[in-house]
Amino acid sequence: MKQAKPIALTVLDLVTLALMIAATAMVFLYAPLEAVMGQVQRVFYFHVSAAWVGMLGFGAAAVAGIAYLRTGNMQWDVRGMAAVEISLVFFFIAIVSGSIWARPAWNTWWTWDPRLTTAVIVELIYAAYLMLRQGIEEPERRARFGAVYTLLGFISVPVTFISIRLLDTIHPVVIGGSGGEGGFAMTPRMLQTMFFSLFTFSVLFVDLYWHRVRLGTLARQVEQLRLKLAQ
Amino acid sequence: MIAVRKLVKRFGPKTVLRGLDFNVEKGEFVALLGPNGAGKTTFLRILASLSRPTLGEVTISGYRLPRDAAAVRQRLGVVSHLPLLYGDLTADENLRFYGRMYGITDLEPRITEVLKLVGLENRRRDLVRTFSRGMQQRLAIGRSVLHDPEVMLFDEPHTGLDQDACNMLDTVLREVAARGRTVVMTSHDLSRAADLASRFDVLSRGKITASASRDELGPDRLLSFYRQATQTL
Amino acid sequence: MERPLTDYQTNTLQSETATGERISTLERVQKISPNLWKATLAVVRKDLTAELRSRELLSAMLVFALLVVLIFNFALDLQPRLRVTVTPGVLWVTFIFAGTLGLNRSMAMEKDRGCLDGLLLAPVDRSAIFFGKAIGNLIFMLLIEVIVLPVYSVLYNINLFNPGLLLVILLGSLGYVAVGTLLSTMAVQTRTRDMLLPILLFPLTIPVVIAAVKATTGFLEGWTFPEIQVWLNLLVVYDVIFISVAFMFFDAIVEE
């Protein structure tokens, strides 16, 4: 039974911290001020990164779901749950920062943009997932139903995204496109900052994920010990 | 007929069955006794193919579970403490539905036969909702023998029945068992089990802790046998 | 009520212990498990028979649907000018809410007296149970829709008799019911039961709502076919994906 915190995890914690500081510094000091939007544009770097991490977690949860249904190994349930929780938080950050962006760009706190709306729907799917888990006592059934539901969510989201996209879109297409209304052209420094933020957030995701899985595993061990004592 | 080797069933961190061995010969009527929470229902659900074993081997009439589940289901009749019947359907419609699910082709005479067996032929066109608990339970037995199974599983069939209904149920159970069928019945009611079974097994803490035939034991010693078996661990 | 057993005991003993009788009984049980379609039909038939007798589910769904329409009438103050633009939305919200009611009830019926176990004990493939329940649910939902449409037409003086609209309703209900049947099987096995179904179901059925409302608007406002086709295609895609996915996952939901 492993109890001590692995050294690699501590190292990763420190690396993550350093990267976060560096990324923040880059966003505010290195990246140039955007001409039209001004300071608010700086929210963009972390907005994109948070959304990226949210999607990473979303995908990880689906992979864990498939793995659980195939193997029946409860560890996959812990991994799926960890991915969902992290994804939930980061999508929330992406939604809020998107809202901050929307205010000066389109003069409204909320736009029914496909990406933003889809993120909200994902949040609702996760909320439903958590409520589903709460309603089931038996751990194995909870894991099974949870895995099926994350997979259903994972399959439905692209379809949902396409349907909303067909309705309308005003989200700026930043990379590759000429930029819609509210969009802007990226300078090399901006691009560098964005990719650095993406990298930093990916490391942050791995770090948090590691912590959360470790916590879940320990919780399982505690539960097992408790049952052993009760017998 | 039934062979179970080293059966383990876990629900998450909780182990309910821990290496259980169990054998039943053709024609035996085994009463599976044990305190609440000993794992009787879990064990029966595994035999009924409703729950998968975590580890171990389960074979019923030569078919492995869960691999040959369909073949096992065809040979299995299950009566639980719930009737598994539809309240808004008549006795006839319930049996007809289950008959179709089991692929029985000549249903009409079989339904008549089964209703006669459980003493409900004059309630054939009545809604199951209007049946007393005892009658529902008898119809449940009728449902379970519809496809003439070789192996019968009874999970606490007496739950919620009064004395008269219990006696009547026993008559039907005996009737059903007398056809050379193999029966496993869980019960926590020793006297009921003593009347019916030919062998008594005690399930305690996820294992079979004792087994004795009716001849070895005699009706008077069952209680002390049971006490001893549940306390050995 | 309960008759003494003595009178039939003897004659059944005779009829069943005779070896010839037992063999013929065994012969009645087909060698192979009944095919999927027969078992599916048996489940559908059972649901329809029970419903025709009690009419609990249909009457509840219908009254509920009419109440929703009525509430929308006052909540949105359906002016003649507004009606055409709002009608598709009102209709689909009504259908989806009433559908949830039906899905919950249909599964609760299986859970009540342990019937779900009874179904699982039968030597048939689990997909027969899934498709049987789903087809039953679809029939109930379509029935409600077919009743609500003319009532709505009369109340608001809108012509809803449009074959295209019927197609939209069929496609929309199909996908909704496929996911709904799977999720209601899930919800009925939880502590919170029927409360949970809409929460699980609605976020997954947003594409159905979008596409169905758009296609309905298209048919009512007389769009050109290519304009409507986008949404019909989306409905078909959703149906194909989710019928197969729901069917695939059903095993994992009912098997322990």
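Note that the chains take the letters A, B and C in the order they are written out, and that residue 1 is the start of every chain.
In this text, a contact is a pair of C-beta atoms (placed from the backbone, for glycine too) under 8 Å apart; a residue touches a chain by one contact, two chains touch by 3 or more.
These figures come from a predicted structure and were not determined experimentally.
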Just by CA atoms, which chain is the most central one? C
Quick check for the class: compute each chain's Cα centroid; which one is farthest from the centroid of chain A? B
Two chains sharing the most C-beta contacts: B-C
Intercentroid distance (Cα basis), chain C paired with chain A, Å: 35
Please tell me the distance, in whole Å, between the geometric centres of chain B and chain C computed from their C-alpha atoms. 33
How many angstrom between the C-alpha centroids of chain B and chain A? 50
Overlap residues in chain A, where contacts from two or more other chains coincide: 140
Where does chain B touch two or more other chains at once, residue-wise? none
Touching two or more other chains, which residues of chain C qualify? 256
Per the contact definition, I'd like the list of chain A residues that touch chain C in the complex. 69, 121, 124-125, 127-128, 131-132, 134-137, 140-141, 144-145, 147-149, 151-153, 155-156, 159-160, 162-164, 166-167
Under the stated contact criterion, what part of chain A meets chain B in this complex? 74, 138-140, 143, 220, 223-224, 227, 231
In their shared complex, chain A is touched by residues of chain C numbered 179, 182-183, 186, 189-193, 196, 199-200, 202-204, 206-207, 210-211, 214, 230-231, 234, 237-238, 241-242, 245, 249, 252-253, 256
Chain B to chain A touching residues, read off their complex: 10-14, 205
Which residues of chain B touch chain C in their complex? 45, 48-52, 70-71, 73-74, 76, 78, 80, 82-89, 93, 97-98, 100-106, 110, 113, 116-117, 119, 121-122, 127, 132, 134-135, 143, 147-148, 164-165, 168, 171-172, 175, 178-179
